[in-house]
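Some structures are shown below for you to check.
There are two complexes below, and they share chain A, which is joined by chain B in the first and by chain C in the second.
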Partner chain A sequence: MSKVELKNISKVFPDGVRAVDNVTITIENEEFVVLVGPSGCGKSTTLRMVAGLEDISSGELLIDGELMNYREPRDRNIAMVFQNYALYPHMTVYENMAFGLKIKKIPMEEIDRRVKEAARILDIEQYLERRPKALSGGQRQRVAVGRAIVRQPKVFLFDEPLSNLDAKLRVQMRAEIIALHKRLAATIVYVTHDQVEAMTMGDKIVVMKDGLVQQIGAPLHVYHNPANRFVAGFIGSPPINFIKCRLEDRGGSLYAGNIRVADGHAGALRTAVGREIEVGIRPEDFTIAIDGDSGEMSGTVAMIEPLGGENNLHIDADDTGIRFIASLGADESGFLHLGRKARLGIKKNHLKYFDAETGRAFLTE
Partner chain B sequence: MPDGLQFRHKKSDYPFLLPAVIIVAVMTQVPFLMTLIFSFIRWNLSRPDMARVFYGLRNYTYFLRIRSLSELHQFYGVFFQTVVITLMTLLFCSILGFLLAILFDHQVPGVNIARTLILGPFFVMSTASGVIWKTTILNTTFGWYGVIAKALGMTPVDLISYYPKATVIALFTWQWLPFFFLVILAGLQGIDKDLVDCARIDGANWWQTTFKIKLPLIVNHLQVAIMLGLVFVIKEFGLILTTTAGGPGTRSYTLPYYVYMEIFSASNVGRAGALATMTVLLTLVLVNLIYRSIQRRNAQYR
Partner chain C sequence: MAKNSIDEVRQSAALRRLFRSFLLAVLVYGVAVLYFFPILYMFLSGFKTEAQAVNPHIFFKPTFSTYQKVLGDPTMHQYLKNSLFQVCFGTILCLALGIPAAFAIVFGRFNKKETPGKFYVWFITTILLPPVAVLIPLFTWYQKFNLINTPWGLLAVYVGTHIPIVVWMVHSFFSDIPKEIFEAAEIDGCTKFQQMLRIAVPLARTGIISAGLLVAVFIWNEFFLGFNLTGNPTATLPVYMARFREQQGQFVAQLSAASTISVLPAVIFGWLTQKALVKGLVAGAVKG
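Take a look at the complex of A and B:
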């Protein structure tokens, strides 16, 4: 069992910077939780407070119900993997993995067993006698993970472990870490600024901005039901399109600009009639308008990103001039060449509506 | 072809480089070459009647020849003393410099001022500090040492005449410690903070972090400090001249001081040249040893 609870945790640095503000997160046993947000939003600081490398300014940190605030890092039963690997350069791979165990005075045979086992899992057995310098980035990352595994911690902490790897290796290591999570039945807190990583790896993601938690939830839930404009814009690639407009009641039907609000959404939006709102349209929520249907949006194709199966079309809207991105199947959008007029429909049931002033979503589940 | 172009380009560059090359050669090589030449000449300033002639290796054998093991030429004693004084100085500088740097490798208010103050001894001329140590501090009657010892009811022994080698080592250490401190501190501050954090998570205590993580990571800095320190300490002269003056007898002679005495007391330029050359050789051999060990370590994990 290992459950981690952050209760109203804040971090104020001596220079007055409030890096983490009243953060409450519960990480269940064997859960893979990803803290995601733009650079400088306080992810690392949060993780380092869990690790015990930063003092907690206020709030409580519990692991399995025990208060951890004043425990030394070594007494918290955690292991951490750093972005730049943080391998001891003067020790071999074996010594790197064994160092913490030796300090804990674990018997040599046991250390040897654990190190060999971890090396086998991570496929680094043939490098055990090498020094980090003689390893590639991916191999170093494996050693860093191995060093965490041999500690058999209650909680694994990862701080942007894949940021220094090239794209291909990143995808591969991502899969390996997911597999490792299953295999070890580990509790993992994983920090990244890469929303794709967050979406693909996490059982649960915590979106942060400016030290504040914006939303917590399963990746797809957050994707489909962003709590505010920031989350909607941060999660998803290519990014969501925003259209700023006034919400109007035209003869009983609600209209956001020219877009008719779906009946299912009207109830939640009725209180905002007459106000400025922002409509969020995911790129994949556009459709090609069928003949006879005038479509909700029309514009000129300004740029095409062919991805094989689908095309990302950058379109300049006729009415507002705003550039938006539509993601359409390659077959159905094949006729839309550069400079052509495109008429698009919108899946209205998928639209998101945000208060233009506060950014808060009107539709919440 | 760009090749031909480059060639012409290079050729026309040489004349412009020549003045710089000459100046550097004269400034750096000529004094040593002169010393080398003198070392092969019989040249005694106090004997103008004896012609200056090529003397082969006799200036060297004068010092090096072993007639019998029981009465070695005093050169061997001085040589040994030089090695001991230099190595002990470097040893103390390394240990104290490391501990001091560990102590000051923290971001606390005022640490920058303290770091600057520590550099003090390094900026004082060695002859000046020698005089101050001898008269103001170590003097048994007027110096702080004498006054304090007497106030405590003890009879101060004259350290300079009773423990000349230890005193010289202490003064050399005092003078060169700041340099070691500075280089090692730079090394410590270059250590990846994540490594130290990692060691904390691994459960390393202060002792283990300091000696198993930090020390191995700054060994290169330490070796560079030792290498440079060696070159300077081995030829340190002013402090000896102004404090012990090589004495009592020759008990705190070092090779540079011996060279000085050979010229200004014995007036023998040839022998002084031979001594100086041997000092340089000793330095080169030691520097080379350290340099190789740095190279070996670098190949391993940098």
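Take a look at the complex of A and C:
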């Protein structure tokens, strides 16, 4: 059992920087939680406070209900994997993995068993006698993960472990870490700035910005129900399109600019009539307007990114001149060549609405 | 035509390069010989008889009798033992105290961010302090506590004056180690002391060895403090050399032989460890 609770945790550095601001997160036993956000948002600082590498300025950190604030890192029973691996350069792979166990005075046979087991799982058995210097980046990161596994900690902490790897290796390691999580039934806190990593790996993601938690939830829930404009823009690739407009009541129906608000959304938006809002349209929520239909948006195709199964069309809107991106099936959008007029429909039930001033979402679930 | 001219250009460039490196070699060897000559002459004079040594000659019939005489001298043995005592214990103590000091300066947690830097500056400035500056107070206090002419008294001074060199060199090596490695060790269960012993020390091996060698050579060669704080039974080799010259200055060959013996360890050390030593000395500078 290992449950991690961060209660109203803040970090103020001596120079006055408030890197983490009143963060509350609960990480359930065996849960894979990803902290995600742009660089400098306080993800690493949060993780390092859980590890005990940074003092907690205020708030409480509990692991299995026990207060951890004043425990040394070595007494917290956690393991951490660093972005730059942080292997011990003067030790072999075997010694790197065995080191923590030796310090803990675990019997040699037990150490040997655990190290060999981890090496087998991570497929680094043939490198056990090498020094880190003689390994590739991917192999080094495996060793770093192995060093964490052999400790059998309550909680695994990962700080951008894949950032130094090339794209292909990153995808592979991503899958391996997911598999490892299942196999070890481990509690994992994972930090990344890469929203794709967050979406694909986490049971739960925590989106952060400027030291503040923006939203916590299952990846798809966050994707479909972003709590604010920032989350909507940060999660999703290609990114969501925003259209700034005024919300109007025309004869009982609500209109956001030229877009008629879906009936299901009207209730929640009615209080905002007359206000400036921003409509968020995911690229995949566009459709090709068929024959008679004039569509909701029209514009000129300015750029095409063919991805095989679908095309990302960059389109300059006729009315506003704003460039937006639509993801459409390759077959149905095949006729839209560069420079052509495109008429597009919108899946109105999928639209997101944000207060232009505060960025808060109007529709919350 | 064009090919021809390219070859010509190449040839003349190669010639010019050759000429330049030849000039440089002559210059370098010239300077080296100039610097090395006194040592060489001293070394050779030890193989002369006293009669031969009076006149400056490079070519002569060598004899081992002078070296034998000097090495067989029991007073010489006593001073050699004194020197070895100071060098061995001095170096070990300097490392034992200087390494933790450097570790604390680089990796210690201080309330104020500038504190470790201040400590470091204090260590460094004491290197620059001339020994004369501290001799008078040292001498009066040593007299009061009966530490003049004791091996432990001299050892204490040597340790004190040479720790900054260890701190200085090891500090720059420690600074090169990524902080995350210690954080990983901390999470792996290491205390601060274990982090120093099992991570920092092995990783800064080169720096520690060269710091140790440098300190050993400095203590071996030290004259001024040794001369002023010791008497006959506790003096070190350089002090003995000076007294030897005062008392038996006319014995040039014996003096040369004794001097050779006293500089030999330093020369051998330096030669064996020149790589580590250079690396240790420039480590901080390169990182700059």
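Simple rule for what comes next: the second predicted complex is superposed on the first by the 365 of 365 C-alpha atoms of A that agree within 3 Å, B and C clash if a C-alpha of one lies under 4 Å from a C-alpha of the other, contacts with A are read in each partner's own complex, and residues count from 1 in each chain.
The definition used in the following text is that a contact is a pair of C-beta atoms (placed from the backbone, for glycine too) under 8 Å apart; a residue touches a chain by one contact, two chains touch by 3 or more.
Because the structure is a prediction, the values reported are computed rather than measured.
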In the superposed model on chain A, is it clash or fit for chain B and chain C?
clash
Tell me which partner A:M80 touches in the superposition: chain B (first), chain C (second), both or neither.
both
Figure out whether A:K116 sits in contact with chain B (first) or chain C (second), or with both, or with neither.
neither
Return first, second, both or neither, reflecting whether A:I103 touches chain B, chain C, both chains, or no partner chain.
both
Return first, second, both or neither, reflecting whether A:R71 touches chain B, chain C, both chains, or no partner chain.
neither
Where does A:A51 make contact in the superposed view: on chain B (first), on chain C (second), on both, or on neither?
both
Touching A:K133 in the superposition: chain B (first), chain C (second), both, neither?
first
Interface residues of chain A shared between complexes with chain B and chain C
51-53, 72-74, 78-80, 82, 84, 86, 88-90, 99-100, 103-104
Sites on chain C touched by chain A in the complex:
113, 178, 180-181, 183-191, 194, 198-199, 202-203
Help me check something: in the complex, which residues belonging to chain A touch chain C?
14, 51-53, 72-74, 78-80, 82, 84, 86-90, 99-100, 103-104, 147, 151
Under the definition above, what is the set of chain B residues touching chain A in their complex?
192, 194-195, 197-204, 208, 212-213, 216-217, 300-302
So in the complex, which bits of chain A are touching chain B?
48, 51-53, 72-74, 78-80, 82-84, 86, 88-90, 99-100, 103-104, 131-133
